[in-house]
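Below you'll find the structures, each written out as structure tokens.
Note that chain A is present in both complexes that follow, paired respectively with chain B and with chain C.
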Partner chain A sequence: MHDEPDSELELTTALVPLFVIAKGRALPADHEYEHTTLVTAQEGTEAASRTLTPEARAVMDLIADGFLSVAEISGYTRLPLGIVRILLAQMAEDGLLYVRNPAPRAERVDRELLTAVLDGLKTRFGA
Partner chain B sequence: MYLDPAVSRSVKILVVGHFGVGKTTCIGSISEIEPLQTEEEITEASEGFDDLSGTPDKTTTTVAMDFGRLSLSDTLVLYLFGTPGQERFKEMWEGLSRGALGALVLVDPERLHESFPILDLVEQFGLTYAIGVNHFDSTPDYPLDEVREALNLSEDTPVVPCDVRDQGSSAHALITLVKHLMSTLG
Partner chain C sequence: MSQDALIWCLVAIAVIAIAAVVALTLRNSALGAKKREAEAALAQRLRYTEGELGRMQAELQRVRDEQDGVIGEAEQAAEESTKAVLKGAARFLQSLAAEQTALLDEVQRKYGGHSVLSDLMDVNHANAQMARKAQGIAVMCGAPLGRRNQPASVYDVVRSAQSQIRNFHRVEIMQPSGIALKASAVAPVALAVAELLDNAASFSQAEAPIEVTFQRVQKNLCIIIDDAGVSMSDEDRQAATALLSGDEVPRLSQLGTQPKFGFPVVGLIARQYGFKVDVTGVSRYGGVRAVVLLPEELWTMEETPPPASEVPVSSIRRVEGREQAGARTMHGLPKRGARKSPIASVPSDGSASGGQAAGPRRAGGGLGAFQRGTLTGRDLDAPTPEGSEGA
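Presenting the complex of A and B:
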């Protein structure tokens, strides 16, 4: 539609410098904590999460009750994706996370996976 | 809000197209959650600076990207990313195209020339794609053959008419893409 919001071009500046939130840590490797990597908090990590930074605690609170993708965590917390990835990598190192990686690249040409996608779409939309 | 606890696999499809072609509307019409945005960092060459060191001056900015979600079974979830098509967002494409099943390319029949840079990117990143010809109120139904010809598409690339505001229509375009992905497996 012509009236689609032009938000995709909106350039923003963070209030808190990103390197402060990230505590100077570098981004994890490209294939780690991708947009579609699914994460949830390990059980019994409430105590540990109390000592986290406010941003890290916001992430932990969000994923305490179930699986979300890295992209969704960025969306709900409004933290930039890069920051979310750095925070998650640290939390995983601290044993706070349960991580499910997206279908690996080899599955890209996997008929079984595509069939599951197609069946899911057909079931959902009755097509 | 949360995924099924049994979820074990996630896949993604990119919904791409030029500015204002209806990517967000399309994602919104089929997503099971209110579309969300991620803020992605990109580096850009700064303008208006005298560069004394002789190295290109780069600054980091962020750009917002819309996406939606569709649970396809207890164990499988699909994410749809509305990916802006400007060349300067190429860096974002690197990450997004990695592991993507394919791309749904939305085109506006009145502004077909704006889709060329998008198709360049899609091909550059090796994504298999289908074309959704978005139907606007003011646009008479456009002969799909003319779209195919104008965009120089290969014969097997699917071209489907699509009203991105309509869930069934958006879903049909997506299903067409997935069938095409299967056919390319040979």
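Presenting the complex of A and C:
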């Protein structure tokens, strides 16, 4: 029966779907791992990273030598941002990452402080 | 006188006795002959009847055979036409599922940063399970499997199989290094492993792990699936072995109302693509150990090239001097240079500028300074010249 000239269906989609890459984990809370959050690998995690999935290892390789933003990691690995965030949350849980959250929004800083900073800069460099 | 009379008497008696004996003998022989005659007649009759019976039996057998043949043919015809109908439907479902997978892929990438991604992944999971069923039915009906034209690492093939079962998070896969399946083996092995994983998941406790390991035995690669369920009885083992060899293909009508076509599907594709599957082993947890044995024609020890979609993105922000050899990760991705010297916002004493700006990062210096600035701004603990004064 197999010799029928049936045209085979060609599968071109990714072999490993994203939910498997994410291991079925939920997205981290919105304020965690934002676009501009910076992450880098902890020292001495090479051994642990050998057991990571290929995707997580790709992320580790990217951030091994310095801080990189979440958005950049997503760009380099070609993984959707959400997946990168899930991977990072998992890796942070495993103690593989340093995470540096972006500065809180500017409106929290009062104007006087900013003026003082500006004045300070002016005195230091002479604007 | 009396003596004579006695003698004559005796003679007379003897004569009578002889006559009687003769008469009896004659009668006896006559009876014997008659008996023989009757026996012969009976034997002949018996032979005739036996012959007749044999003929009748043969006739009956012939009629029966004919009937069986007709029934068989009818069943075969029914099977074929059922298969033809189902095959059409299954192929339709197959291509719809593939189309939906492609769509979902696209949508997931589009909304990758949105919280809707979680739900999209759930939809994709359901779709993957449906695609597996459609593939299974298609195989049972003799339709070809979907085909992949890229080789893939055996780890990814098993992950693809993992994605096709309900409780995929129970599957734990050991990572082998550098074993790739040839393109032609990717889809069939993924489906066979998916069916075996599904079987392992259904016949073990809800949260028990299912472990997948790999082993090279001579020229074969074994994918070993251990579950923590109950082991099979000898009868079940024999039935499973028969199904998995592909020798015994049950009719569609024998599959029952809750069709279990896992093993028949595995047997069919194993035979078609030239690998072997065995489920007679006992796992390390006391459950079933399923082994998929792939001959050397189906795999290689090569590293798989990264999928075509993972083109390095360096072109987006190429900076001169960045593209040195070794500035790539093992996956072919561009790597950031190491930032060795401490971050300083202001090159006050000139010490930092000497070592740092002269390196390959010189051209990106403007950008780097900007980034350093932001970094320092965010780092509250970093010592800054202005830290103590002002604010």
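The working rule: the second predicted complex is superposed on the first by the 90 of 127 C-alpha atoms of A that agree within 3 Å, B and C clash if a C-alpha of one lies under 4 Å from a C-alpha of the other, contacts with A are read in each partner's own complex, and residues count from 1 in each chain.
Keep this in mind: a residue touches a chain if its C-beta (ideal position, glycine included) is under 8 Å from a C-beta of that chain, and two chains touch if they have at least 3 such contacts.
Fair warning: this is a prediction, and the values are worked out from it, not measured in the lab.
Touch criterion met: A:T51 reaches chain C, while chain B stays clear of it. When the two structures are aligned on the shared chain, A:P80 is found in touch with chain B and with chain C. By the document's definition of touching, of the two partners only chain C reaches A:A22; chain B does not.
Judged by the touch definition given at the top, the superposed model places A:T37 against chain B, while chain C stays out of reach.
In the superposition on chain A, A:D61 makes contact with chain C only, not with chain B.
Of the two partner chains, chain B is the only one touched by A:T115; chain C is not. Residues 1-2, 4, 6, 8-14, 18, 30, 35, 38, 65-68, 74-76, 78-82, 100, 102-103, 113, 116-117, 119-121, 124 of chain A are contacted both by chain B in one complex and by chain C in the other. Remark: chain B residues 1-5, 7-12, 19-25, 30, 33, 36-41, 61-67, 69-73, 76-79, 81-82, 84, 94-96, 98-101, 134, 136, 164-165, 167-168, 171-172, 174-175, 178-179, 181-182, 185 touch chain A in the complex. Those residues of chain A that touch chain B in the complex are listed here as 1-2, 4-14, 18, 30-31, 34-38, 65-69, 71-72, 74-76, 78-82, 100, 102-105, 108-109, 111, 113-125, 127.
Residues 1-2, 4, 6, 8-20, 22-24, 26-27, 30, 35, 38, 51, 53-54, 57-58, 61-62, 64-68, 74-83, 100, 102-103, 113, 116-117, 119-121, 124 of chain A touch chain C in their complex. Those residues of chain C that touch chain A in the shared complex are 91, 94-95, 98, 101-102, 105, 108-109, 111-115, 117-118, 121-122, 124-125, 128, 142-150, 152-153, 155-157, 159-160, 162-163, 168-169, 175, 186-187, 190, 272, 307, 309-310, 313, 316, 329-331, 333-339, 375, 377-379, 385-386, 389-391.
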